[in-house]
Amino acid sequence: MSELAQVNAEAPATPHAAQPPSAQHEAQLPAAEHEAEQEVPALARTVEALLFLSSEPLGAGELAEATQAGEGAVRAALAVLAEQYAPGRRGITLRELGGGWTLASDPSTEDAARRLFSRPRAATLSPAQAETLAIVAYLQPVSRPEITRIRGVSADSAAATLLDRGLIEEAGHSQFGAVLYRTTTQFLKLFGLRDLDQLPDIARWDPTPEEQAELRERLLRAGEARGGAGAADS
Amino acid sequence: MSIAALELDLDVFSGPFDLLLTLILREEIDLRELALADVVLAYLDHLERRGELDLETATEFIVLVAALLELKSRLLLSGEEQELLEIEPEQAAEELLARMLDARRYRAAAGHLAQLFAGEHGVRFRLVPPPPSLRRAIVHQADGSAGGGRDANQLGEAIGRLLLLPPTISLRHIAMHRVSVAERLAHLRRLLRRGSFSFDEAVRDADRMTVAVTLFALLDLYKRGEVDWEQPESFGEIAIHPSAHQLAPTALARGAAHAEAIAG
Amino acid sequence: MSELAQVNAEAPATPHAAQPPSAQHEAQLPAAEHEAEQEVPALARTVEALLFLSSEPLGAGELAEATQAGEGAVRAALAVLAEQYAPGRRGITLRELGGGWTLASDPSTEDAARRLFSRPRAATLSPAQAETLAIVAYLQPVSRPEITRIRGVSADSAAATLLDRGLIEEAGHSQFGAVLYRTTTQFLKLFGLRDLDQLPDIARWDPTPEEQAELRERLLRAGEARGGAGAADS
């Protein structure tokens, strides 16, 4: 098994490289003590293949329909796979995202992936994009003028970029004809969310009553000052 | 240059003027949020840089801005004219406060999203279409019950939407007086020959369009060096004098006394 | 299996080289006799992730470059994976194809995959998708930049979804190098059309039927007149 250890040593310093190669350790244990997982049950094999083939997350219902198995059996198969693809065990992990299950690469393999595909996984998110995305995520469907009203500055370029990256999409038109936006499955996937309910309550970021009082005070003073100036002008 | 290509860099918008108009019409920019004064300032800056006044574009610009101004005032006053006019400082502050709180909430939520995004760094998904053998199967089965006929009329409707030309800005709500700049130039020169006068005198009993065009004519005369003008306080009287250095290059002192001297 | 045997032969330093790899044989043995493999070595994990992400087979050279490991180590990692992904063991298999390695779904899962992909997914088209599909249907072949000019906003995400659903496909490149799209047979079948001549006459929805110009030209003109929100975004 020492050769395997050497393989590990040659690998780039991923977070996992630090762990002693456990194959060595495990080899000393009687194999019978391991869970017998080499033989993946047929249904789990099929589910695994479907997850591999589909670029979109698959729900238990869809999987049950395609495999012609019961949803309970599918969930059991997913549990088997979740164990096999538990984080840190393989280069691929099983994630529950975007309303279903999907396979994804383990983050520890990112350096190699970036070298191979010679492009970063995704461009960074600018503050304007993050704000626009947050407004769409919480208020969807929401129109561009509404986003602009909340942000106080134009959201046009940020919204176009988010559309381009498939994080938001059009969702019909408002009664005034403005395009409405909503978030996509891609958004859930890239942000590691199972569904929108996983977003924390927006009220969580309300300022404290003291902060609010202080803000109100400042605004009032500013308002009075302006009111006075206006009177002088007229 | 057409006024359409005037480049603007405003708080809520940056791009050419005609795009701004389009976006306003499509309600993608809220006219109430747009500081029209900034648009006018941008145009004046543009004039400054060019160093000459193209009367045709200037007229076009005035008409468009006047239209926007009227639209905006209607938007602001619609329905609740009285209340809006009598808004108390407290009310205004409450409204502003609500807005600021909203902005803060979503800024914080944005921070949360950015954290989630960063936490997913390095997670990639497989984006490979299913192999051709399986895709062929899709086609094969598509004409069966599994396919589900979609309505091709949907496509025709979509094309109809895409063929729609945007409405041109309607100026019908503005009484279109044909006031030529040339006419107002002649009017101002006539007055100048008699000496100094105030702008109010020059536009006595005139409608708004005439006032605007007269102001442009005045700007033009100033550019040509034919007049000097001054306005001691905002919204005050504008005093117009024949250009000092046209008469006496060294006479830099301006003011009523000086003007009177010339007039005399 | 002969390719895999060759892999091992080329990488004599691996523990597997000594034993002839014969997963088929091993599958019949009780699990206790297998090597313990739950913990995949780091390099094999990385190689696994790269194979998972790549749409093309990857050669040992490419993998070595991306993982910054030696080619021998990469071949050893491939041997580990070959064992894990031996036919019949999982829903995914490792195959040597065109001078490289690739992951593929196991043929035994094909029926389920066919059922999955033949399901009419998301019965309705989003407005952006309907517009993009209509443009491709009526103007084909048409390039992505043209679609964007007509719609005024980017069509990338909509086009990707339509490609994914097999409604449109690539049809070569324009003289400027942009990918051209056309509709597929699948599209005709889903919309119940015998051929493209059966596309509905747009006269019914034409807002300005008096216009004489060619459809493509009119669409481009209308798109640009609508202001190409794209212009503001760029």
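As written, the chain order gives the labels A, B and C, with residue 1 at the start of each chain.
Please note the rule applied: a residue touches a chain if its C-beta (ideal position, glycine included) is under 8 Å from a C-beta of that chain, and two chains touch if they have at least 3 such contacts.
These numbers were taken from a predicted model, which means no experiment stands behind them.
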{"item": "Chain with minimal offset from the mean of all protein Cα atoms", "value": "A"}
{"item": "Chain separated most widely from chain B, comparing mean CA positions", "value": "C"}
{"item": "Most heavily contacting chain pair (counted by C-beta pairs in contact)", "value": "A-C"}
{"item": "Rounded Å distance, chain B centre to chain C centre (Cα mean)", "value": "47"}
{"item": "Geometric centre distance via CA averages, chain B-chain A, whole Å", "value": "40"}
{"item": "Chain centre separation (chain A, chain C; CA means) in Å", "value": "21"}
{"item": "Chain A residues counted as touching two or more neighbouring chains", "value": "52-55, 103, 105-106, 108-109, 113, 156"}
{"item": "Residues within chain B bordering two or more other chains", "value": "13-14, 23, 26, 28, 124, 126-131, 134"}
{"item": "Contact set on chain B toward chain C in their complex", "value": "13-16, 18-19, 22-23, 26, 28, 124, 126-131, 133-135, 137-139, 141-143, 146-166"}
{"item": "In the complex with chain B, residue positions of chain C that touch it", "value": "49, 52-55, 104-105, 110, 113-114, 117-120, 123, 125, 127, 130-131, 133-135, 137-138, 150-151, 163-164, 166, 184-186, 189-193, 198-202, 204-208, 215, 218-219, 221-223, 225-229, 231-232"}
{"item": "Chain A-touching residues of chain B, taken from the complex the two chains share", "value": "11-14, 23, 26-30, 33, 89-90, 92-94, 96-97, 99-114, 116-117, 119-131, 134, 234-235"}
{"item": "Touching residues (chain side chain C, partner chain A) in the complex", "value": "13-15, 27, 31-50, 52-54, 58, 62-63, 65-70, 73, 76-77, 80, 89-92, 103, 105-106, 108-109, 112-113, 115-117, 119, 126-128, 153-154, 156-157, 160, 164, 229-230, 232-233"}
